[in-house]
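For reference, the structures are reproduced in the following blocks.
Two complexes are shown next, each including subunit A; its partner changes from subunit B in the first to subunit C in the second.
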Partner chain A sequence: MSALTLERGINAFKAQIDAPMASFFSSCVSCGMCAEACLFYTENPDPKFTPIYKLEPMRRVWEQEYTLIGKLKAKLGLSKPVTDAELAEWQELVYNNCSLCGRCSAVCPVGNDITYMIRKMREGMVASGHAPEGLIGASTRAVQIGSPMGVKLPALQAQVKHVEKHTGMEVPFDKEGAEYLLMLSSMEIMNYPEYLEAVAKILTNAGKTWTLSSECFEATNSGIQIGSSDIARELVSRVVAAAEKLKVKTVISPECGHAYTALRWEGPNLIGRPYTFAAKHIVEVLDELRVAGLLETEGFEDAKMTFHDPCQLVRRGGVVQQPRNLMNMVAKNFVEMADHGTMNWCCGAGGGVSANEDAEEVKMKAFQRKKKQLDELKVDTLVTACANCRIQLEEGLEVNQMDMPVVGLTEMIAEHLVERKDKGGAA
Partner chain B sequence: MNEVDFLLWVKGPAFTVAVVIFVAGLVLRLFEILSLGRKHNFAVSKGDPMQGGLREMWRRSIPADKATFERSLFTIVAGYVFHIGLFVVIFLLAAHIALIKSVIGFGWPNLPTPVVDAFAVVTMIALIAVLVHRLRHPVKRFLSKPGDYVVWAVTFLPLLTGYMAYHHLLLSPQMMLGLHILSVELLLVLFPFTKLMHAFTLFLSRWYNGATMGMRGVKS
Partner chain C sequence: MRTTQHEPHEETLGERLRSQGISRRGFLKFCGLLASSMALAPAMVPKIAAALEQAKRPSVIWLSFQECTGCTESLTRSHSPSIEGLIFDAISLDYHHTLQAASGYGAEEARAEAMKEHYGKYVLVVDGSIPIGNPGFSTIAGISNLDMLKEAAAGAAAIIAVGTCAAFGGLPKADPNPTGAVSVADIIKDKPIINVSGCPPIPVVITGTIAHILTFGIPELDSLGRPKAFYGQNIHDRCYRRPFYERGLFAETFDDEGAKAGWCLYKLGCKGPVTYNACATLKWNEGTSFPIEAGHGCIGCSEPNFWDFGGFYKALSIPTGMTGQTAVYAAAAGIAVGVAAGAMNKKAKMDADSLHKTVTVDELNQESPS
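Coming up: the complex of A and B.
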């Protein structure tokens, strides 16, 4: 790989600038409403954390390169080119203080999709050598080892053996022609093995054929988080290759937000063609099984519960009602946070923030927003459907001495599963 | 140049030049934006991008989310007041409609001039309020560049001069009318090359954002 330089960064910015970006830059009237929508500003109110300001170097590149007035200004020496020192300074804004949660994009009165822009800006940050060490490490491990956390196949096989022993069910690998290919996140393999067991139970009980792939089991995509289309393409290509080799109908994206964005929305564009299979989040699959009558539950949780919406699943993914349908199957006392659904507040650690050591302090500040939401509600249990949100929520709750379990939605459903006598498919 | 010559000049050649720059500038700016294009999207749509885009074009004008409304109360309310005020003053004053009719050949009903006058006063007050807010609010002050203040000034001047001409303040009404027209010409000339352009591009931005959300099946 050639050296990462300012020139490469600027060229990457130029390559990323498209009509939507030009329109967004043209439309901003500096009203500041995006600041109030961003938890990295509200919980740490320094004006430099205003979402649109995070784009300032890229805005200048756009103005200088793609507008007549900007070109004139540059010729007359009225504007200065973006410097390497500026990009170095912006690293903190673009990575540590942005989880790509999309809340700014949802409130902007002129309609700017600021998150879309920051995702693109990260491409230039990577190319100019201004991505955080933590994300570089995660991306390197993802490309070389197959997992951002360095989890290898034997670790998964060990978990699978454990699940098989515990449930007496078969957890198939590389079963050609299965309906579903189940993808996982390393976080689930290492920290939340309950997830695999829960999905195994639910799918088997529904009479569905499913499989893991020994060639590719990691669905998270560090390339999307760091902002490198090259890395993102490589990682998503592995999923596509595994799915097409096994001829599955549907790939199930795990309880992870960004994996869904990577697989569902960015993936086909990264590989430059549509998939030959469907890509769905586990919550979508569970809700489909519920509708088809293949997912029945019994009993209810007594605890007062709320659901934390993972940004990429809900606000950026459109899976809004499904988790609520599932919650209502098993939770009698399910209450919503004041801002929920598409306007929910981020956990504070998405979009690569959790893999970025430089952001450790900032992400706990950002968690204060979730703390305020939870303090208002006084719930006993917090449910979510993203392993990354979950680990941040657990850490935040612990640091703030809040005694509250965080539960994965899929596991909770599995605990109430009614065993079907006829394990055939849909009647 | 005496008063009459000045008035003839601003109404004649200066006006023509301003309108030409305004229209050509608009076309150029829209071309600059749209010609950048965007990549084809291969992801399978969950919802209708067209529906999402069209919906967002008008929906963003409504402060639908209560909590967001409360957090940005002043910005939203003052913003509404001066935008509605500008609309009424620009498009519903009898004299303006007469001018528009002479240019494009048709007009529409007007509001009584004293009513429009009241709107002008409220609009000016709201504009002064947003300026003060911009200077005092830490985020707005931080984000604001010289261009943001220029845009404010060229929006305010036509209101002020129009008001003063109508009420025969300071200068002769003819002279003030000349200055009023000149200030509008300044506005027209600067429009395509400043943040004023948002009046057009915001629909494009809302369309792009809304289409993405529509495609992803997000109903906000």
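Coming up: the complex of A and C.
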């Protein structure tokens, strides 16, 4: 075992710089539009929180290593090499003050995908030993225990028993040949067990076969958040192995934003081959059931509601219309936030921010953006489809003394489900 | 002997134009220009023509507050005689203290009369901002701007705030705003207000907005209350120099080779990327040119607080620690050297790839950040 060093970090930067990244660095015109798009800047307007500035050390490595002028400048002493102290200084910019929400990428006039770059920069931060403690802990537990929160199989089994008792339905484990493999996030197992019950009811009621896996139930991927492809690959491989062993057609990513990004977008690139199954977010699956006539609801919520779009789902994932279709099934008084859909503001705690204890203050500051959106709307209830967003929203609402329940979309749909007598079920 | 019975008849715009000797052809041409400038389908031209033909000459009261008369100049000087000018003639401009012949008591009486006669129906046009720091800062006939605006707004069907001063406070409001200048919309809350911003606005945008109100009512407005038809597009997106921006070719000074070659003026402070107006498409002086075409960056005059944007010659914002000069090196290096150094870089990257050692969680924990 070797140590994490500055040298390894710089090398990781060099290895991560690919053609898109080089062209992004060379085409930035310093217009500053990314700053105005970033809630860590707008709620805390210090120029150092400008998204593209968060990449400054990596930009210098690019310039010094891959451009002629940069090489000359380095030789002449005009461009100083990146130091360990600088990377230590940048840690809070790259981790605590970026949720990888992708809003900066969406506004960049020259089309720079800044989020893509920060994701890559984290690789070098990890390799140089400048990842935050919170994410190191989460990654360690994810690799060694199988869950970033340290949740083990017996805990899930206990929740499953509870659900089975409550619904009278079987929650199957390791059922080979099932159509769906349901993945979960630890947050759902520990904080929102009603999610599992909701999905169990909906899928069984739709006559679909589905299963959990006892070998791998965790869909979240701390490797993506900390920015280590090595760890991310290890974690996503476990999901792939479980899905392929059980020969399922579709793996359902839970109500979690980055788990979806990990499974749906980064996964195949990490393992270097296409999946033998489809990867979908639960909201996509529910909307498919709706279209197929397998999701019938009754009654409406009277409360005035809005939907918080999880960034990874909407902006990075393109799942925009599906949650709205579902909202409209059960909400009579559904209103949209000013910047809804692909330009929605992040909750302030995604991309690993919530794992870092020292980001507590920052993420509550960032929440002010969401507060402004909510203050404008004056809604009774806030609906979302990401457990991480939900925790942050609940905390932010509480800190700001805003009395408003936060509801998971899947659970809300399940509450209005028309239960069929001829339940298909997996039994 | 001939006797003419004078029926009380309100002249329509069409009648008025014909009596002024405007041909049908000229009129339709104007309607066509209007349709295209408002991004309406060609099929709308006859509709505009028909609606304008039938439009009654509405009473217009034009109030000028803290302003420089540039907005009026823009409108009247544009190209005369012009069909726009005549359309304007065809509006019953009952009060405009710069243009009207009457003065003093007679002028104020005309205003009072028009307001009384057309109460609830007249269109109020305002240019200039309103000082609320001290009502004595700007008065007309002894009446403060604030009082006159409130009085005139009460009976108006709609208000057009012409120019950035009336729309957003403009130059008088620039830091430190010594007169406490505010916009029309800051004071009047209960009437539809159309902001026709610009310092000054493009003439055809002023007439086009009035024509839209005559034909189709209040136009669709953007978040700043400006007609979307004219302010819906970004100068930068419509700029003919945009290809140079895309290629990273910028003029660095006003007399360098880049400036002579017509490269992008972004670095010389052009505010095109944050400015919404029709300059790049409609242009000025009968479509002759617009500031960027004349070699000067856009100053963003149709946007709120443009005066305090941080300097007309300062590039929008420079967020990174790098100076303008290093940014140039970086851009130049990326583009010019990128290809030549490609092979060399490929090797460097491959070396870096092969040097990559798998990161394990054990390592993470061993080397927890200091």
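Here is the rule we go by: the second predicted complex is superposed on the first by the 419 of 427 C-alpha atoms of A that agree within 3 Å, B and C clash if a C-alpha of one lies under 4 Å from a C-alpha of the other, contacts with A are read in each partner's own complex, and residues count from 1 in each chain.
We adopt the following convention: a contact is a pair of C-beta atoms (placed from the backbone, for glycine too) under 8 Å apart; a residue touches a chain by one contact, two chains touch by 3 or more.
No experiment lies behind these values; they were computed from the predicted model shown.
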Quiz item: Since both structures carry subunit A, what do subunit B and subunit C do when superposed there: clash or fit?
Solution: clash
Quiz item: Of the partners subunit B and subunit C, which touch A:I52 in the superposed model: first, second, both, neither?
Solution: both
Quiz item: Where does A:G207 make contact in the superposed view: on subunit B (first), on subunit C (second), on both, or on neither?
Solution: neither
Practice problem: Determine, under the contact definition given at the top, whether A:R315 touches first (subunit B), second (subunit C), both, or neither. | Solution: first
Exercise. Name the contact category of A:G150: first (subunit B only), second (subunit C only), both, or neither.
Key: neither
Quiz item: Should A:S105 be classified as contacting the first partner (subunit B), the second (subunit C), both, or neither?
Solution: first
Quiz item: In the superposed arrangement, does A:Y66 touch subunit B (first), subunit C (second), both or neither?
Solution: both
Quiz item: Thinking of the overlay built on chain A, is A:L4 touched by subunit B (first), by subunit C (second), by both, or by neither?
Solution: second
Exercise. Go through the superposed model and pick first if A:P172 touches only subunit B, second if only subunit C, both, or neither.
Key: neither
Self-check item: Superposition clash, subunit B against subunit C - the stretch among 74-82, 92-100 or 164-172 that is involved
Solution: 74-82
Quiz prompt | subunit B/subunit C common contact set on subunit A | solution = 17-18, 22-23, 26-33, 35, 47, 50, 52-53, 66-69, 109-110
Self-check item: For the subunit B and subunit A complex, residues of the former touching the latter
Solution: 28-29, 32-44, 46-47, 56-57, 60-61, 65, 67-68, 71-72, 75-76, 79, 134, 137-145, 148, 193, 195, 197-198, 201-202, 204-210, 212-213, 216-220
Quiz prompt | Touch list for subunit A against partner subunit B, complex | solution = 17-24, 26-33, 35-37, 41, 45, 47-48, 50, 52-53, 66-69, 105-113, 116, 264-269, 271-275, 278, 314-320, 338-339, 342-343
Quiz item: Where on subunit A is subunit C touching in the complex?
Solution: 1-4, 8, 11-12, 14-15, 17-18, 22-23, 25-35, 47, 50, 52-53, 56, 59, 63, 65-70, 73, 88, 91, 109-110, 126-127, 129-133, 136, 139-140, 143-144, 226, 228, 230-231
Self-check item: Residues on subunit C engaged by subunit A in the complex (per definition of touch)
Solution: 236, 245-246, 248, 266, 273, 315-322, 324, 327, 329-335, 337-338, 340-341, 345, 348-349, 351-353, 355-370
